[in-house]
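Single-structure report; data block below.
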C-alpha cells in the first residue's frame, strides 16, 4: 500500500528458518522421546548458529535489511519478518550464548546421568530450543500481534526453566515470574488492540509512517511499555527477577539473565524509536532514564549485600539492564542526526551484547562453583580460585565488562554512554554511570577477593569438575572482553536497514 | 398462514418467558434448597421447551429446526443429571441457611 | 451505527471497566488463585476492546472486521494455557509446602488420602 | 430494544465481575467467574462475533472453569495467603484502576472515524483461499504464522505443566477421577459424549465456511474426553504414550510440513498452492483439532501422578 | 416480530439475572452451582430468541455449546464437592 511496503528480499527465508527450525526440533524431541533429546538439540544448535551467521553475512554483504513476507500475504493483512543490523547483531549474540550454554549443559548433564532422559534434562532441552525460537521471533518480528505471540512463547519457555529442580522456593519464584509476565503481556496486548483500533494495522513499518501525536496512540504505547517493563524487570518492577534467576540451574540462569530479559528491552527500543511520535518519545525517554538510573543504583547496592553468589549475579542483571534504559534520552537524535547515528545508540547496543556474553559467563562460572562445592555462599568459598582457576578467571573477565574496565566490551559501551551523557548535558546520568561502575567493582571484587583468599581451611571441591565445563564460561567471558577490541564491526552493522525505516523519531 | 404461525410463536414464546419468571419467583420464595432446585429446573426447562417450540415455525431450514430441538434435548439431559448430582451434594452436606 | 452508543462503543467501555476490575483483583487480592482469576477478567476486558474494534470495522459484507476477531481467538487460547500453567504451579507449590510441613518429601500423590 | 438488551448485558457482566472480585469464598468466586464466562459468550454474539462466542464459551466458560474448580478443591484449607492490603492501600489501587479504566474508555471512544478496517482486504483475499469464513481465513492463511506459533505455545504450556510432576512418575499418567464417582456422573459420561463428539465434528466441519473451527471443536472434544476420564470410564493415558504424543504433535507437524511445501510449490513459507488452499486448510484443521483436544484435556488433567505402566 | 423476540430475550435474561444473584448469594454451595445451570438454560433461550430475531444461524450453534458446557461445568462442581474437605464451607462464606 505504501511505496515502502515489505517485499521478500534474497535471503529472507533465513529469517523463517531462524524462527521455525528450533520449533521443528521441539516437535522432533517431543515425538522421538527423551532419549534422543540431547542429540537432536546439539544438531539444531549447530544448524541454528549457521543460520544466524548466514543472516549476518547476508546483511553485511547486501548492506540492507532482510525481509520476508510470510505466505506471500502482504501486511497489513499478513505478517512480515524483517532483520536490520541491530536484529542481526541480536540473532548472532543469541546464537553464540545459546550454543555455549547448550555445550555446557551437555557436559553437565553428562556428569549426572550418562543415559539421559530424565524429567529436568528433557524439559531443559525442549525449553532451550523453544526459547531460542521465541527470541529469534522477537528480534525479526514486524507485526505487533505476532510479537505478542513471540513474547508469550518466550514466557512459556522461560517459566518452567526457573523451577526445573522442583523445590518449593523455585516453584514459588516461577509462579511469581509467570504472573508478572502474564500481566505484562496482557498490557502489551491491550496496547496492540488500541493501535489497531486507531490505525487498522499492526505492521511496524506501516505504523512508523502513520503515527501521529494522538491520545489513543500515547495511551497504547504507555500500556505496552509498562507491560514490557514488567517483563524486563526494570526497577521497581524487578522483584520477581532475583529469586527466579538465582533459583534456576546454571545453564537456565545464563539464558534467562543474558537473553530473555533482553527481548522486552529490544521491543521497547523499537516502539520508542520507530513508532512513538517525537514529543511522546522524548517524555518516555526521560522517564525510562530515571527508572534506569534508579535500577542501576538500587540493585547494585542490593547485589553488594547478597550472601549468595547467584543472587548477587541476578541483582547485577537488574542493574545492568538499567544502563539500557538511560540510552533513550541520550540517543534522542536531532534533525541532522537520526537516533541510530548517535554514539549512545552504539553504546547501548554494545552494552546489550556485552552484558549478555558477560552475564552468561558469570552464571556458568557460578554453576561450575556450585557443581564443585555444592553451594554458592560467598563467605564459605574462600580460596576457590585455587581449585577452579578457569572459573575464577572467567568470573573476573566477565566482571571487567560489567564494571566497564578496558579493554572489555562493557568499557567501550559505558565509555560511549558516558561521553553521550556529557555531550547531551545529562550530568546526573554521567554520575550514575560512574557510580554504577564503582558499585559493580565492589561486588565483583568481593568475589575475586574470596577466590584469591588463603583461608585457614582450604575449600576442597566435592567432586572434580571437567575442564570442558569451565571452558564454556571462559569462552563467553573472553568473547565479552574481545568485543571491546573490535568495536568497528558492530558500529557498521548496527546502521544497516535503519535508514530505510521510519523517520517517525524526527519531526 | 405466516400470520397464524407468527401468533403461535408469540404466544408460545410469551408463555416460555412467563415460565422463566415463575422459576425465578419459585427460587426466591420457596423455603428449602431441594424445592428451590426443583422449581428452577422444572420451570426453566419447560420454558426453554416452549420457546423452542415457538421458534420452530420461524426456523429457516430443517437443520436449523433440528439444532433447536438439539439444544432443548441437551438442556433437558444436562439439567436432569445436574439436578440429581446437585441433589446428592445437598443431601451429603445438608446445611440450611 | 450512531456515534457513542453503538454496540461497539458500549462493549468497548465494558471492556475498559473489566480491565480496571481485573487489575484491582490482581494487585490487591491476597489469594493467588483469585489473582489468576483476575488475570482472566483482565484478559476478558482486553478481548472485549478488540471485539469493539472489530465491530466498528464492519464492512465489505461482513458485520465486523474478522482480523481482530481472529486475534481474540488466538488470545483466548494463549490465556487459557497461561492459566493452566499458573494453576499447575500453584498446586505444586501448595503440595510442596504441605510436604514440608509434614516433614516428608514431596508427596507423590496428593490425593492419596482420599 | 437491542440497546436496552446490550445495556442489560453490560450491567450484568460488570456486576458479575465485581462479585468475583469482592466475594470472600474462593469457590463462590470461581462459580461466579464460570457464569461470567458463559455470559461473555452472549456479549460476543451481540458483537457479531459468533466464532469468538463459541471459543469463549468453550474455553472461557468450560475449560478455565473446570481448571479453577479442580485447583480450588485441591488447595482448599491449604492456601497460604499473603498479607491482605490495608484499606488505604486498596483504596489507592482502586483509584488507580478506575483511572486506567477511564483513560481506556476515553481511548475507546476517541478511535478514528471512520473506523480503520481490514475487512475489505480480508474479503478480497477470501477468494484465493476458497474459504467462506473470514475468521478461519485469517487464522489459517493470512496470519497462519501466529496460529502455528500459538500451537507451540499450547504445547510448551503442556510440557511446563508436565515438568511439575515428581521425578519418579514424570512420564506416568495424571489422575483425574475423584475418589467417589456419583452415579449420575457416570450416566452423564455415557450419554453426553456422543452428543459432544457430534457437535465437535460439526463445529470442525462447518468451520471452513461458517462460524466454528479447530479451537471450538478441539475444546468440545477435550471436554468430552475429560468427562469420560473423570467418571472413570477410561483411565488417563501415560504422558509418554505414543498415541497421545502422536495426537499432540500431529497437528503442528502437518502444519509445518505443509508450510515448508508452500515455500517449494507455492509463493512462500505458509503459502498454499492455488486451488489447493481449501483442502490443505481443512486437512490442517483436522489434525489441529485433535492436537488441540489432546493438549487442552491434558492441560486440565495436570502433571503425572502415577508411575508409568511399563 | 423481531422486537417481540428481542423483548422476550431481554425479559428472560432479566429473570435469569435475578435468580442468578439470589443463588450466588446463597450459603449453600450446591445452590451456587445452580447458577451455571440456570445460565445455561436462560442463556440458551435468549440466544435462540436473538438468533431468530436477527436471522443469524450461528446463534443456535452458540446456544448448543452453551447448553453442553453448562452441563459439563456442573460435573466439575460435583468433583470438587465429593472430596471430604470440601464440606462444610468456611463459615465466613455465609452471608
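Labels A, B, C, D and E are assigned to the chains in the order they are written; within every chain, residues are numbered from 1.
Here is the rule we go by: a residue touches a chain if its C-beta (ideal position, glycine included) is under 8 Å from a C-beta of that chain, and two chains touch if they have at least 3 such contacts.
Because the structure is a prediction, the values reported are computed rather than measured.
Peer 1: Tell me the fewest steps from chain A to chain E, where a step is a jump to a chain it touches.
Peer 2: The least step count works out to 2.
Peer 1: Can you name the chain that lies farthest from chain B, using the mean of each chain's Cα atoms as its centre?
Peer 2: Relative to chain B, the chain whose C-alpha centre sits farthest away is A.
Peer 1: Measuring between Cα centroids, what's the chain most distant from chain E?
Peer 2: A
Peer 1: Which pairing of chains accounts for the highest number of C-beta contacts?
Peer 2: Top-ranked chain pair by contacting C-beta pairs: C-D.
Peer 1: Taking the mean of the CA coordinates per chain, how far is chain C from chain D in Å?
Peer 2: So the centre of chain C lies 11 Å away from the centre of chain D.
Peer 1: Express in whole angstrom the distance between the two chain centres, defined as the mean CA positions of chain A and chain B.
Peer 2: Inter-chain centre distance comes to 58 Å.
Peer 1: So the centre of each chain is just the mean of its C-alpha atoms; given that, what is the distance between chain D and chain E in Å?
Peer 2: Going by mean C-alpha positions, chain D sits 20 Å from chain E.
Peer 1: Mind pulling the residue numbers of chain B that touch at least two other chains?
Peer 2: 70, 74, 77-78, 81, 85, 88
Peer 1: Which positions in chain C are in touch with at least two other chains?
Peer 2: Those would be 19, 23, 32, 36, 49, 52-53, 56-57, 67, 71, 74, 78, 81-82, 85, 89-90, 92, 97, 106, 114.
Peer 1: Show the residues in chain A shared as contacts by 2 or more other chains, in ascending order.
Peer 2: 77, 145, 149, 152, 156, 159-160, 163, 166, 171, 190, 194, 196-197, 200
Peer 1: Can you tell me which positions in chain D touch chain A when the two form their complex?
Peer 2: 103-104, 106-108, 110-112, 115-118, 121-122, 125, 141-146, 148-150, 152-153, 155-157, 159-160, 162-167, 170-171, 240, 245-246, 248-249, 252-253, 256, 259, 262-263, 266-272
Peer 1: Considering only the defined contacts, which chain A positions touch chain D in the complex?
Peer 2: 8, 13, 16, 20, 23-24, 26-27, 30-31, 33-34, 68-73, 76-79, 118-120, 123, 126-127, 130, 133, 137, 145-146, 149-150, 152-153, 156-157, 159-160, 163-164, 166, 171, 190, 194, 196-201, 215-216, 219-220
Peer 1: Which residues of chain A touch chain C in their complex?
Peer 2: Chain A residues touching chain C: 77, 145, 148-149, 152, 155-156, 159-160, 163, 166-168, 171-172, 174-175, 178-179, 182-183, 186, 189-190, 193-194, 196-197, 200.
Peer 1: Using the touch definition up top, name the residues of chain C that touch chain D in the complex.
Peer 2: 4-5, 7-25, 27-34, 36-38, 40-41, 44, 47-49, 51-67, 69-74, 76-78, 80-85, 87-92, 94, 97-98, 106, 108-111, 114
Peer 1: Which positions of chain E touch chain B when the two form their complex?
Peer 2: Per the touch definition, chain E meets chain B at residues 1, 4-5, 8, 11-12, 15-16, 18-19, 22-23, 26-31, 33-34, 37-38, 40-42, 44-45, 48-49, 52, 55, 57, 60-61, 63-64, 67-68, 70-71, 74-75, 77-78, 81-82, 86-88, 94-95.
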